[in-house]
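You will see chain A twice below: alongside chain B first, and alongside chain C after that.
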Partner chain A sequence: MRCNYACGAHESLTRRSFMGGTTAGALSMLGFSGMTQVQAAKKLASQQKQVVVFWLSGGVSQLETWDPKPGTETGGPFQAIPTSVPGVHISELLPHAAQQMHHLALVRGINTKENDHGKGAYIMQTGRKKQPGFAYPYLGSTFSSHLAPPDSPLPGYISVGAGGSSAESTFLGPRHAPLVLSNGKAPNNLEMHQSLTADRDAKRRSLRSKISQRFEQKRKTAHTEVYNESFDQAAALMGRRDIFDFSKFSDKDVERYGKHDFGRHCLMARQLIEKGVTFVKVGHTNYDTHSENFNFHIEQLGEFDKPFAAFISDLYDRGLLDHTLIICMCEFGRTPRINQRIGRDHWGTAWSVALGGTGIKGGAVSGKTNETGTKVIDREVNGGHLFHTYYQAVGLDSTEEFYPNGQPIAKADPKTEPLKEILA
Partner chain B sequence: MSELSSKNSVRVSLPVLVLLVVTMALPVVAEKPKEKTDSPAQPLLAVKPIPDHGPTPLASALKFAQLDAKKAATQAAVQVKAVEAISQKWKSADDEIKRIQKTIQETKQNIKVDSNSLKRAQQARKRFSEANAKAKHSDEPLVAAKPDLDLLPNQIARSEKQVTELEKSLKAKQKSLAELKKQVSLAEKQLGVFKTKENQFLEFVKLYREKQPAADPGLLREVASYQHSRPLYSCKIDGSGNYLLAGAQGNLFNRWDLVSAVNTQLAGHKSWVRRFDLNDSSSLMITGAYEGKIAWWDLNSDQPKPQHLIDAHQGYVRGVSVSPDGTLVATAGNDRLVKIWSVQTAKLLQTLEGHEYQIYNVKFHPGGRYLLSGDLRGNLKQWEIKTGKQVREFDGSALYKYDKTFHGHIGGVRGMDISRDGKYFAISGIGEVSNAFAGIGVPTVILFDWETGKRLAIMTPGDNFKGTCWGVQFHPENDFIAAVGGNSSGMIWFWKLGEEKPFTAQKVKSVPYDLDFHPDGLRMCVACYDKTARLYSMAPKAPFEVAQEKAKSKKK
Partner chain C sequence: MFRSNMRVYVLLLVIFSLHVLSARPVSADQSKFSGEPLIANKPKQPAAKALHQIIDEQIQSRQKVDSQSASPLSSDSEFLRRIYLDLTGRIPSIHQTRDFLNDSRPDKRTILVDQLLASPEYARYISQQLDVMLMERLKKKFINVTTWEEYLRQSVAENKPLDHIIQEIFAADGSDKETQAAARFYLARNGDVNELTRDISRIFLGADLTCAQCHDHPEVQDWKQDHYYGISAFLIRSFVFTDKKKKQTVFAEKAEGEVKFESVFEVRDKTSKGPETTLPVVFNGTAIPEPAFKKGEEYEVKPAKEVRPIPKYSRRAQLGIAITSPQNPRFARTMANRLWDMIMGRGLVHPLDADHSDNPPSHPQLMDVLTEQMIAHQFDLKWYLRELVLSEAYQRSSTNDLFKSKAARELDDSYFTHAIMKPLTPEQFAWAVLEATGQAEIHRKGLKQKLTEASLRNKLVSYERQFVSLFGGLPGKPVEGFEATADQILYLSNNQAILGIISARSGNTADRMLKIPIEQSETMADELYLSVLNRHPDQIETKEVASLLAGKTGKDRSAMVVDLIWALAMSSEFRFNH
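And now, the complex of A and B:
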């Protein structure tokens, strides 16, 4: 699929400042009250299920990652290598990930029929095709609403180097919109202002609360509740600012993860998961390789592979993988055909994602493409199947419904089903 | 480059002479090692004018035309024998068919005769039966026709079976005959091609005998093409002028006979061959592939196999160069190392460290003392072979960009060549990138002066063409440089040394990734994305070509 070379759509969604997000969250109408199965969510929250998405923006090539076809016309110059799971081979560009394959499952039969960056990203993050007049919540917001403890001071959805928009939470409300750590930095203004003392701050908060209470006696609305909640949340977040202290990674860790943005972002994600954040999205960009696909993939995957593998290994060593779902995905794959610029173009017809961690059967492979990777020949699935699978992997019932404004909305596409073959 | 002719030297002005004298007085290598040349932002300090000798007569062209004519004649002679052999087979098959047809006819005739006999015997028997009935009332003895009645039906059945079998056999033979007929026709057609080629080469021989030809890129025309099953990625013509060699985006390497276009595929590598080199004084070829291995081949073998297949680099091998004396081979790759190997023993002799980024090209200087390497960021390093030490650095960073929008490093020394006299070197790639992920930039060649290390010119297309200049090469005799490249379409450009815009250019049917001049200096090959290697000619047009053009224009 030819790309309009302005192809920057996958980048354009991503610039939302933290303060904008939290303010929007604070002002939310929380118009989804009663739409979830509260008891179930609470139960799950107590089980501490967490999710990490590695978002490879631009569309990583399945042939250079999870579904190599060495020696074929479409295979490119790279070889396939064995992994820690006998019989499962992946690209030689992922030698470290190959050693973690027993923690990962591959879905090689994805056909989303979508070659546009924005639409592809929407399908993969909502499990549905875009429909006019209705917006489904994104994965991060969904799991924030389902899995994050309601009284947690922590944001339910944090995006590290992957951008995000307040629109992602849709009817779930801005409380579940992403908190975006722009450029991988901690949010601003977490520290108390230098001119304030703790005592003075407490007095200010008390005064604000009293004024608010007086106001509410006459004009109590959903808005006023949210205002109050936002101040409480902000105070709670300031109380837990330790989760954003990214200055204490050991030299050894920095060495293991790599001295680049993505390595640091992975370390940040590890810390956020350790501190109990429900959903973390880590971005790694620049896979939209219409030209020089192989050189760019050497460079990009060379950066991605080691920290990604170290992240999985660390979560396993720390016992976090038992309750953390890992998803490595993007908006689409890349064409098997190698173009005249030695590039690969957009390809939603036959591509792959990798999953791991809680609820996932390590080493499992679902789906198969033909010899040259141009077609799914076994177990063709789409974003809907994947959404059901994510839900079930963290112990949620994917067949339940949301009730925004009292209207039932299926949580995952009812025409699809979970990939039981990769579920533990 | 040729020496200045006395005629031309008269035209050299006084300032030029002064400049030349100053230039010649400079040391062979710069005094200060590891000092980079001026940055692209500074104005070029050209050592101008670069001598332009005009069209140089190519003495060896006649030899190669004669070689081609001889090869075509030999191939035609072989083909004549092949045609005769197939024709003989066809004749034998035809005779056999005729014999079978005759047997069938005779057998059918026999069946007819036997049938008639049987009929008669049956009638006789009938008569006998009737007579026998009468004879019951008579004392005369009767003789029956019994033997005929018993034997003939069996004989007829046998004959009919024989006919069926013969007819079946006839059908198979006729099919075989038709196939042979096709083969004869094809062989005759091929013979016609060889004879035509022979005649065409003879026309060139005659033409070159009358006057030594000169290469004229203005006359550039495609004269032959060679097909593979994958996009072709690298190419060269061997020193003997026998083969067109090409690496591909696949594991198989190609050797085509230039005249007959017969292809031999060389198996050994497990990835793409982007670079290889030849030893002009022997039949040795050394290839480097993206799986990190280098291989030694004997080009003259009927079916070449790797004589050595060595793990040379971690990751892509991107550069391979055989030393002028044929004793060393230098390789370079994504592991940022330059390695020097013994051609004879295939043992590693030296590893040169210093590049910080992937090395895209390496080349021996014709003087044999130095080696030049270039990397992703356009950093060029001159190494002294004997000591393995870096002597100088040159700035080719105009061929590199970090695209801030796409966060991608784009560029590299995609093509590199040193003029045969060692006075100049050129690198090629993509400059002024506006979109790294779409490969949008200006195809660029940078020309350097070897002696001073100064950049003489940045050469780009004359129009707004965008893409990458994948390969560059100095003409072996003339004062021009050729380069190939493209993005969605392909081009060949020709610049005079030191000039920034090409004096001629031609569209190619597909994007070419590499080029090489034929040792005759009149022809050149390109390796293209559309799985085709193309042979172009810059020679004066032969009478048959002129006639073809006339016929074509008449048709229009």
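And now, the complex of A and C:
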């Protein structure tokens, strides 16, 4: 009697990531009209900041990762191990991540009160509960809009093996919608057609745009804007196709990250961050373990742990961790109660995420669950607190507002505040 | 074409029972010129208004209450492009464009509608739209996709009543060669009871019951777990069976098996009486009682190893009957709403699978009328589409002065006071590009006497496939609304398939333009705009074309012509059905 199949959102996400180049990437416009000078100045100050999200689709178990409860009725078979930070223990399924603990902080007191894949994913990526009639932008789009340099030819938000839709950017506009690289490949047709020159291509595109503008004068433009801007963005992308050359990873790196999709996707993310892309989302899937929770976690985390740790360590070695925020999260955790199929089910009541890098106090731990992990007993937080924290970590004021259509919309839920205890 | 349609119709007389026929058109030819609805007046209500008139009354009455300002009637060019796209899936050729714009008969729109409804392209395109609705671009599994597509095309060509098509689909199990194709609905979904329950509810009942699998719907009061399992119960005994000897995969059924469900929210509730069950039932209808058999006598063919069992009583056989029964108005309502959405760009109930009391239709009375009429006209697809496109609501312009001001950018689509701009479907986009560039025309000429809808399609179908793979979304998740992705734009900008058909080849648009003497720049602009955008250029546009081509000869001139065609075909005016 479990949502073993029809849990829509998760299903579609998985389907997406199986697909070839068919969904590669929604795109968009340049420029930041409507921004005040003060905002623009702040933007400049924080421009160098970047963000990477590791999205563990399906909902990884907090008990098999960041908040183990060994030896209790809910703990399962795995032990907790010490980490590079004295006193902080995590699951033995993450031995490599444990060695990077001094770069990471844990939030163990999350209660999002949401057990649905789609809605959980929405809360974690927008910092709000879904409300009818208003669509908040996803954090990839949000940080693309705040942090990407206005004149950058690079897409502000790239999703690698993690799906994504052009609807994510909502009122922030198509410029900040994700470019989806679903099969670990650069988009096709990036090379200009042989019959063209750069000059001729620019001229025909400007003609295209002029013709379109005439048509749009007395018509509804919500969709036509998206279409027009996507031509600009495609042209900018062609100019920077070097960022998509994923053919030059060293054998040693491939060995260190693992010869599987996730390892490769992490290497791609490393390159994209090095090349200056503002926000990268990397997906790893199959954590919806309603049955065989422990076997699945051995397998999945066995794949996840090494490249995740290598990624953090590489960013540190290259001096990138100073200005890159790392967030490892998913839609919810998993039930402490182990079900009849040795599975754990959906659980938004008491679970964890890990943060690291810029603005984050390495080794800090916020929040506490009870002995069996069924309840948060100290510092209970939700998606709103996390959003404030992300903002503050990259040096932005989370108490400001967006003004879509002139209406003030708080950037992060005003009923919540940042987790100061994990901010550097 | 009307004649061939009538021939098929006579064939139908033989095949189908008499009640199907009672409301059929008496004479298509007569109505072709009279401007009267194709359908014969119903004897009971001889003075009944045509549906398109009722539509306009209803739309206007809400508009007046909220004092919305309606857009003017579409110009002939706007209407021409729109009606071709909606009924045949392509834009008109330059000849068809000229003919229509020069036609001075007052009822030329109605005449064109009837011509298009009788064309083989109508059957092709509408069947493709039905295919997307039913199969959501799922890939091949067990059943040959081409046979399925042909089954749907044939059904639309015969104007088979929509409820009959759906009944045939639910009745097919894949064992009979004649009806095998229709089993694609079940088999492409692998016969999975949850996937089928979800899709049947969404597609035919306007209810996304996904969340009601594990508990009553948390946000929709009306939708209970019982509704989900009522549908599941029709299918719970069915399974995919592969007959190794016949090398055939069918949707087989057992004589036993019940659905069991309890809410996951209450699973730890000690007072819970344990899992519930239900007989097959469609929403709040009557549960379908079952005959009882003595133990051991439930089967015609008993289950055994490698043997397909055949039960004496098939639950699944009840599904199509129950879904399409007049006792289940959700079916007619959902079909009426889905077709409305296809033609008008937005459902009266919107989203299409959120038909419940907290989400009423934009025009509740109209929704009821459409539902009643759909039933009264026995699910006559062609009649229904005809009524929709004859309405003023359909024939309005997509321009509205209010759109000039930024504040009114979001003038509410749900009033249907302006034509909603619909992104071209992948099929429309492909065929519109083939028509605009003249690639279709080259092949029409090349085929000579062998030219038919099917032979032309055969030559050009690879373009359609390419567009579907880029613009169609994912299998099981066809694109909704409008998306523009990097893949698409880069394809349109740089791919040889696109640039190849734009460049001049004997008889295509670029070639025709280049054959016009240099000094006749107005003629060139006209040729260009009529070919690609199906309208005459205005003064500014004519001047623009002239100045861009001025002084250019040889290669420069051909390159500029190619770029002009590309720029027009990639413009937002082309990308949308407006």
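Methods note: the second predicted complex is superposed on the first by the 344 of 424 C-alpha atoms of A that agree within 3 Å, B and C clash if a C-alpha of one lies under 4 Å from a C-alpha of the other, contacts with A are read in each partner's own complex, and residues count from 1 in each chain.
The rule we apply is simple: a residue touches a chain if its C-beta (ideal position, glycine included) is under 8 Å from a C-beta of that chain, and two chains touch if they have at least 3 such contacts.
From a predicted model like this one, the values you see are computed outputs, not experimental measurements.
J.: Does chain B (first) or chain C (second) touch A:65, or do both, or does neither?
T.: neither
J.: In the superposed arrangement, does A:278 touch chain B (first), chain C (second), both or neither?
T.: Neither chain B nor chain C is touched by A:278.
J.: Is it chain B or chain C that touches the larger share of residues in chain A?
T.: Of chain B and chain C, more residues of chain A lie in contact with C.
J.: Considering only the touch criterion stated at the top, classify A:238 as touching first (chain B), second (chain C), both, or neither.
T.: Second partner only, chain C.
J.: Give one of first, second, both or neither to describe whether A:208 is in contact with chain B, with chain C, with both, or with none.
T.: Only chain C; A:208 stays clear of chain B.
J.: Should A:392 be classified as contacting the first partner (chain B), the second (chain C), both, or neither?
T.: In the superposed model, A:392 contacts neither chain B nor chain C.
J.: Let me test your reading of the model: by the given contact rule, A:73 touches which partner, first (chain B), second (chain C), both or neither?
T.: First partner only, chain B.
J.: Share the list of chain A residues that count as touching for chain B in one structure and for chain C in the other.
T.: Chain A residues touching both partners: 3, 5, 7-8.
J.: With touch defined as at the start, can you tell me which chain A residues reach chain C in the complex?
T.: 1-3, 5-8, 12, 15-16, 19, 21-27, 116, 165-167, 174, 179-180, 187-193, 195-196, 200-201, 203-205, 207-208, 210-212, 214-224, 226-231, 233-235, 237-238, 345
J.: Per the contact definition, I'd like the list of chain B residues that touch chain A in the complex.
T.: Residue positions touching the partner: 229-231, 249-251, 270-272, 290-291, 315-316, 334, 405-410, 412, 435-440, 467-468, 486-488, 490, 510-511, 529.
J.: Where on chain C is chain A touching in the complex?
T.: My answer: residues 192, 194-195, 198, 210-211, 213-214, 218, 260-262, 264, 267, 275, 398-401, 403-404, 409-411, 413, 418, 420-421, 423, 469-470, 473-477, 481-491, 493-496, 499, 503, 540-541, 544, 548, 559, 563-564, 566-568, 570-573, 575-576, 578.
J.: Quick check: in the complex, which residue numbers of chain A touch chain B?
T.: 3, 5, 7-8, 11, 58, 70-71, 73, 77-79, 285-286, 288-292, 295-296, 298-299, 338, 340-341, 343
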